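Have a look at this one before I ask anything.
Chain nomenclature is as follows: A, B, C, D and E, assigned in order of appearance, with residue numbering initiated at 1 for each chain independently.
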Amino acid sequence: MADLRIDLAGIKSPNPFWLASAPPTNSGYQVQRAFEAGWGGAVWKTLGEPILNVSSRFAAVSFNGQRVAGFNNIELITDRPLEINLNEILETKKRFPNHAIIASLMVEPQQEKWHEIVKKVEAVGVDGLELNFGCPHGMAERGMGSASGQVPELVEKQTYWVKEVARTPVIVKLTPNITDITMTAEAAVRGGADAVSMINTINSLAGVDLDTWNTVPHVGGKGAHGGYCGPAVKPIALNMVAECARNPLVNVPISGIGGISNWQDAAEFMLMGATGVQVCTAAMHHGFSIVEDMIDGLNNYLDDKGIASVMDLVGQSVQRYSNWGDLDLNYNIVAQINNDVCINCNKCHIACEDTSHQCIDLYTESGRPMLKVREQDCVGCNLCAIVCPVDGAISMIEKKSTIPPMTWNERQSLISNFTR
Amino acid sequence: MADLRIDLAGIKSPNPFWLASAPPTNSGYQVQRAFEAGWGGAVWKTLGEPILNVSSRFAAVSFNGQRVAGFNNIELITDRPLEINLNEILETKKRFPNHAIIASLMVEPQQEKWHEIVKKVEAVGVDGLELNFGCPHGMAERGMGSASGQVPELVEKQTYWVKEVARTPVIVKLTPNITDITMTAEAAVRGGADAVSMINTINSLAGVDLDTWNTVPHVGGKGAHGGYCGPAVKPIALNMVAECARNPLVNVPISGIGGISNWQDAAEFMLMGATGVQVCTAAMHHGFSIVEDMIDGLNNYLDDKGIASVMDLVGQSVQRYSNWGDLDLNYNIVAQINNDVCINCNKCHIACEDTSHQCIDLYTESGRPMLKVREQDCVGCNLCAIVCPVDGAISMIEKKSTIPPMTWNERQSLISNFTR
Amino acid sequence: MSDHLLSLDEMKQVDGYLASGFKIHSVHENLSGMFVEFKRQEEDVCLQILTAEARKYLAAKLLEQTQ
Amino acid sequence: SSQLERNFVEMTGRMTKNEAMEEANRCLYCYDAPCITACPTSIQIPNFIKKIASSNMKGSALTIMDANPIGASCARVCPTEILCEGACVLNSSTKPIKIGQLQRYATDWAMETDVELFKKGEPNGYKVAIVGSGPAGLSAARELSRFGYSVTIFEAEAKAGGLNTYGIVSFRLPNEVADWEVAQVEKLGVEIKTNTRVGVDISAEDILTQYDSVIVAVGMGSVPNLGIEGEELEGVHDAIEFVKRTKMGVLTEDLIGKRVAVIGAGNTAIDGATCAVRLGAEQVDILYRRTEKEMTAYQYEYEFAKQDGVGFKWLTAPKRIIGDEAGKVTGLECVKMKLGEAGADGRQRPEAIEGSEFIIEVDAVIKAIGQTRFVPLIEAFGLQHTNGVVDIDETTMQTSNAKVFACGDVVFGNGQGEAMVVTAAQQGKNAANIIHERFKKQSGNA
Amino acid sequence: SSQLERNFVEMTGRMTKNEAMEEANRCLYCYDAPCITACPTSIQIPNFIKKIASSNMKGSALTIMDANPIGASCARVCPTEILCEGACVLNSSTKPIKIGQLQRYATDWAMETDVELFKKGEPNGYKVAIVGSGPAGLSAARELSRFGYSVTIFEAEAKAGGLNTYGIVSFRLPNEVADWEVAQVEKLGVEIKTNTRVGVDISAEDILTQYDSVIVAVGMGSVPNLGIEGEELEGVHDAIEFVKRTKMGVLTEDLIGKRVAVIGAGNTAIDGATCAVRLGAEQVDILYRRTEKEMTAYQYEYEFAKQDGVGFKWLTAPKRIIGDEAGKVTGLECVKMKLGEAGADGRQRPEAIEGSEFIIEVDAVIKAIGQTRFVPLIEAFGLQHTNGVVDIDETTMQTSNAKVFACGDVVFGNGQGEAMVVTAAQQGKNAANIIHERFKKQSGNA
């Protein structure tokens, strides 16, 4: 039984699985159910001046018939008055003193407004604050959410205002709708943030109904851009986490968010630098009980690897993430096909033939169809292994290079000495 | 049999399906195979100073066991010399005079360099040019690709340089790794672009191997951010297309790219303003032949709707896309459950209970389990319908509102008159 | 949890004031919801509206009053 | 009785939309897919399945019906596990795609929406006569009509469709399906003269002179006699006639609770036996003079018959049918067999074991030992044949008369062809194609 | 012979990884899932399936085995279509999740990796004796040991496992599986005294005095006599003994080519009949005095037997077993039955039709008409019983002696319990839980 407890910038929770600020954390009833189900923490649905929501809010995209590969919403922050939320936080904290409750906050970019709300929520005993500079729609039009979050100076300044009064750790939640997220992460750190969390949702439109020509979702025949999340965004989020983790100026813990559906995703985020994770879509799809396998699976993984504490995972892969220019140009892998496992769908052949390097040959041996990679032509792109439907039929094998490692950067600097 | 021909800023093709600039358009052999299979056009793999590629280039993410929900690559532009590519373009154009061949170009941000390459490629008879300001990795480190594409001024200037000499239509391909894509789209238009295309790939990291702790893919144990594409990115791309389409300053045709896997996706992009589409991942996953159903399905759709030409689809839904502040706050829908179709998985109940508004009741009627929505508490969020695994079990029904339509913007301006 | 009954109640209160000759004088929104000042000649009452539904309703009434 | 009627309703339900989508999304969309090669009509299986997944239902149905004019019937009656599904690559990793069921899903959509799938070609002035409106004849007619030929089908029976209409049991192939396929062909302008038996109502000669080309697709005849005592007794049936009556809706109650012996163990025997079970027989046994191994019924038919409770008596041959004074069957004398030397066809010959005779009590005997050939008709057309199997060039389907082509069951036998709906359909297509190729050459349009 | 051995190898292959992943991803992860309710041991099915999908194999196996100490066997022998799979919501939209197969996939993983799933509890000084090491006894032992009890099992046979080891045919449940489950329990420190028949090798009284609690889980006895002439002849078998021999690896060739009659149509009859087929019998018939409708074998067993070629003779009862002078079975005289008035149990009573006697030639007769009860043992423990079925309180499993609990087949009958491995396992858990609850109350730990 590994130790699953985390300490993220001073916020402690029994395990690294928090619910992200979103519909699942809308009320005390819900957060208490979540804690009962095993969630280690909850970032309360963003508090601020209560807004109004539209009817028809969410849409999802399926992939090959599998539901909720991605999720889209045009919902705003809480539509309930602050006092009601604070009462429920108080009550929840009383019932679950060891679970983390973080208040997500969003107000207009004015010092007094931030001071006011921070004081109010800290008064009821939250374990930390998360500043929502991320929501991509609705609020942005009022200068809040991502409208702030896309401007490093505003992120820095508002973080600073919060830190002026906050006594609990402050997490700054970043928007992914930005050219370079490390810029806002750095700004948050400059403003005094104790941690950063990412990602909020990505600007998106789920689809167009081919019968009515309405957007999906639509509100009385009209649509607006929503925020995208769920499994589909995981690689985008993971990169942003990794970029921040390897940036020396972003020297604070990271709370990873975006497409986390199971313990494996969580472990990947943690290896890439996240101290804990937050989940929204997976809980909305399946209910709170999915945390059971998240906890169990992560624990079994750690036991299996002989790792005593989940905190020991944090950041282990960060140093392996670098720039393209620092990759070894002379490292070589080639595809190898195991014809005993291969089921002869020929997908690898046609993928390589049409869209890669035309080096998988089809042939017949004693009447049996076979495939073979012409290794000398194979560039090791991985495509065949990616499209292959059976485990173990295609392996990517390292081919020792005859020349020593050299990166693009090394090469260019070497060559530049000879450019006369 | 509908007319599938398109005319995108003067570039004509027998149908709206083009291969995007990527591995599938790497050589004449491939592009010719593609045209034989039915593709209407091809944007040649980006030409420029030939680069070097690393071994191990691609990775993909699965969703619930379904392969290639998203695709990730750390590949750069062509690694073959310009002359060889030009010869193959010439030959291909000769064999397929009615198909569109567009040369994708990327050189360092210098006027002569652009002039030189434009003249060379136009000399072999391409139908148009696409300026690649998008690739998110590798090239950016040399000031090309998205490093240019993220700076509106650079986009404008370079487009202008190209237009100085170009005699064929110029498409500017935009990067999605940007805070606001309409900014660069506008810049391209200011620079004289005849069209814009989007999206290129999104910065991403496909995953971390939980056994080796290496990045996926890795080059000799090291990774770098790649570009994300495939079905997962469609909602992000669709929104960017829509935002440009509804922006009066981006008054040029749009070539839609990003996650297009079938005719339905293509139709959605066209309704949202794209004049044609480009495809990469779907072809890499399944080979060129998938275009057959794209063409056939689109044609049947148009016939079915009684639409004579595919060009009549273009932009039909654009005017329905607006800002959140312009949505009607008083439009109401509620969920209704058809217990005859329902299979009693209770996913809607737990989704609403844990993560929405706690208004789906479970009860039993003559021994049969049943579900019912308490309509007065239902906010019409759609979540239950999204998670429901059977078609037709949950319908979202419009509830006539007792109060007239009013948008957020209308409401705020109304209220502001009373804020004394 | 269910806000429905509360919102009905709040809307009823709004209706009540309007029916008895009050007019909406001012509205003010902050962290605690919406504060509506009704006036009837010299009479002056302030109502705090908590629920989203009632806040939408109030805006509709405001529109009616201006038309 | 309504219970009997229910017994004859199509057994297999249609896939639900969820099921079809799930299955369609499982298909790998193989390149150079082995399932296509295994389908005699080479339906572009990955393509039609992809189209289901992309909701291009018309395209899906069209892909199927284009390659196979009898695609809706085939979806139900093909022995898929030895054809397309048997070749599916997923046999080796999970389970094969239910190609037949998906094919049914798509063609059912076409039947229900009654969408127009094909158009008659521009008339080219060339006339083709087709004798027989079974799968082979219909398939040839459909293709020829699309090419622009004026096509007339002569059909002896009152309804077109051949064995699809009169032969294959309705709990596997309901009449509506065969009827729809016939209607599809008629919509293309093909004239089907039913109740017109060539050789009786019109002579072969007349046809040969009136038409530019002739396709003979008459299938096979009735079940031959066993050549034993008692075949004339009441209660002795020809399996094909027996099934045909049920297809025509005649569901009599006279077999309820009775004992039935079926002679033979081919596809027809299975259909006869399972029909007898569904007509209420208490005990139905298939008697076969060889063993399980030599039986020609398919594995799935065998399994299906066993589920229906049909018994199998191997190495058992009938010797005499026994009747009562009223002329009704009461029993069957059988003899035990053993397998001896291999015969000319390479199969071990069954030999009677002397003195092993025994009698079983039965109320009905169904003969299902093959089908006779329409030798007089074949000879009236002047076609060379081998034991009633029309000799053809297997690639062109051409008979000994350059103007006459033959396809379907009429060319099946002696190691030539396969007696399946799907091969009949393919052969019909082949005949049509070769006619068209020749015509184009002749008229210099090549 | 090696062909015979192959006949007894497990029939159903294990799921491939692809297959398991595909199936696991199909599961909807229902809330308050009906499959759980339908599983007598209430395995958290959506959870164990989700864990397969997330590659948390240990978690998956643990979820199963935690709820069901006999989970590996149950994965193979549960009549899933009337239990978990029958309740799966996907029955209504596509096809049910193959829960049993997935359960096997996960438990096979545990068997192969031999991972430690459970740990013995902190010893609490309390001693429990369990009589019988079948599913019920093992299940109780596993739970008690986890709670901290010192547990001793007394088992009459040479190997532990009960009918899992000696009863259920190896082509459905190989010995390795039952052995592994026994080993899992032994690893928790449970002592299993095999070759120790209570009442013979140790008295009930001794046990009652030496232990704080006793669980009687002795199952049922052998098949009772038919009470007809000829039962002593060579070739007459008790179905359970007959199957047991095959489980012990004794695969004799003496049935090859022979005719076998099985009397009875319950689960044991099916196992006996299909074993006979696999031992090479040419003709195996199940004789049952009632009809198909009344038969107690499950639908899947019936279908399986039919596929194996087993014949079914309904409304047929044995009257006399006929032997030759050497004392070997040669035939069976039967009589036709009809269903008469409903008896006390509500079922129509079968009545012989006078004069309908007939003789069938058989070489062996397998009796499978139920099982006897261990009445002397039950009485030695001083337990109240009804016709040998121990009377219990169905929620606490307590017998008339407050110290003694009973579970499994020994309490099955008269409408009480179900004779299934999975219910035996659940009852074993229940008995253990109630013992523990009482203990906690006594020791004031509640």
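Following the convention adopted for this analysis, contacts are C-beta pairs under 8 Å (C-beta built on N, C-alpha and C of every residue); 3 or more make two chains touch, one makes a residue touch a chain.
Predicted model, so just to flag it, every value in this text is computed and none were measured.
Colleague: Which chains sit in contact with both members of the pair subunit B and subunit C?
Modeller: The common neighbours are A.
Colleague: Taking the mean of the C-alpha atoms as each chain's centre, how many Å separate subunit C from subunit E?
Modeller: 70
Colleague: Roughly how far is subunit A from subunit E, going centre to centre by Cα mean, in whole Å?
Modeller: 49
Colleague: Averaging only over C-alpha atoms, locate the centres of subunit A and subunit D and give their separation in whole Å.
Modeller: Spacing between the chain centres: roughly 58 Å.
Colleague: At least two partner chains per residue is the criterion; list those residues in subunit B.
Modeller: In subunit B, 64-66, 264, 286-287, 289, 301, 329, 347, 350, 358, 389-390, 411 touch at least two other chains.
Colleague: Among the residues of subunit E, which ones contact at least 2 other chains?
Modeller: 18, 22, 25, 29, 31, 53, 93
Colleague: Please output the residue numbers of subunit C that touch at least 2 other chains, ranges allowed.
Modeller: 1, 3, 29, 56
Colleague: Let me make sure I understand the interfaces: which chain pairs count as touching?
Modeller: Taking the chains two at a time, the touching pairs are A-B, A-C, A-D, A-E, B-C, B-D, B-E, D-E.
Colleague: Considering only the defined contacts, which subunit D positions touch subunit E in the complex?
Modeller: 16, 18-19, 22, 26, 93-95, 303, 306-307, 309, 311-312
Colleague: Can you list the subunit B residues touching subunit D in their complex?
Modeller: 66, 262-264, 286-287, 289-290, 292-293, 296-297, 300-301, 304, 389-391
Colleague: Which bits of subunit C are touching subunit B when the two form their complex?
Modeller: Residue list for subunit C touching subunit B: 1-4, 24-29, 56-57, 59-60, 62-63, 66.
Colleague: In the complex formed with subunit A, which residues of subunit D make contact?
Modeller: 21-22, 24-25, 28-34, 53, 89-90, 92-93
Colleague: If you look only at subunit B, which of its residues touch subunit C in the complex?
Modeller: It is residues 329-330, 357-359, 374, 376-377, 403-404, 406, 411, 414-415, 417-420 of subunit B that touch subunit C.
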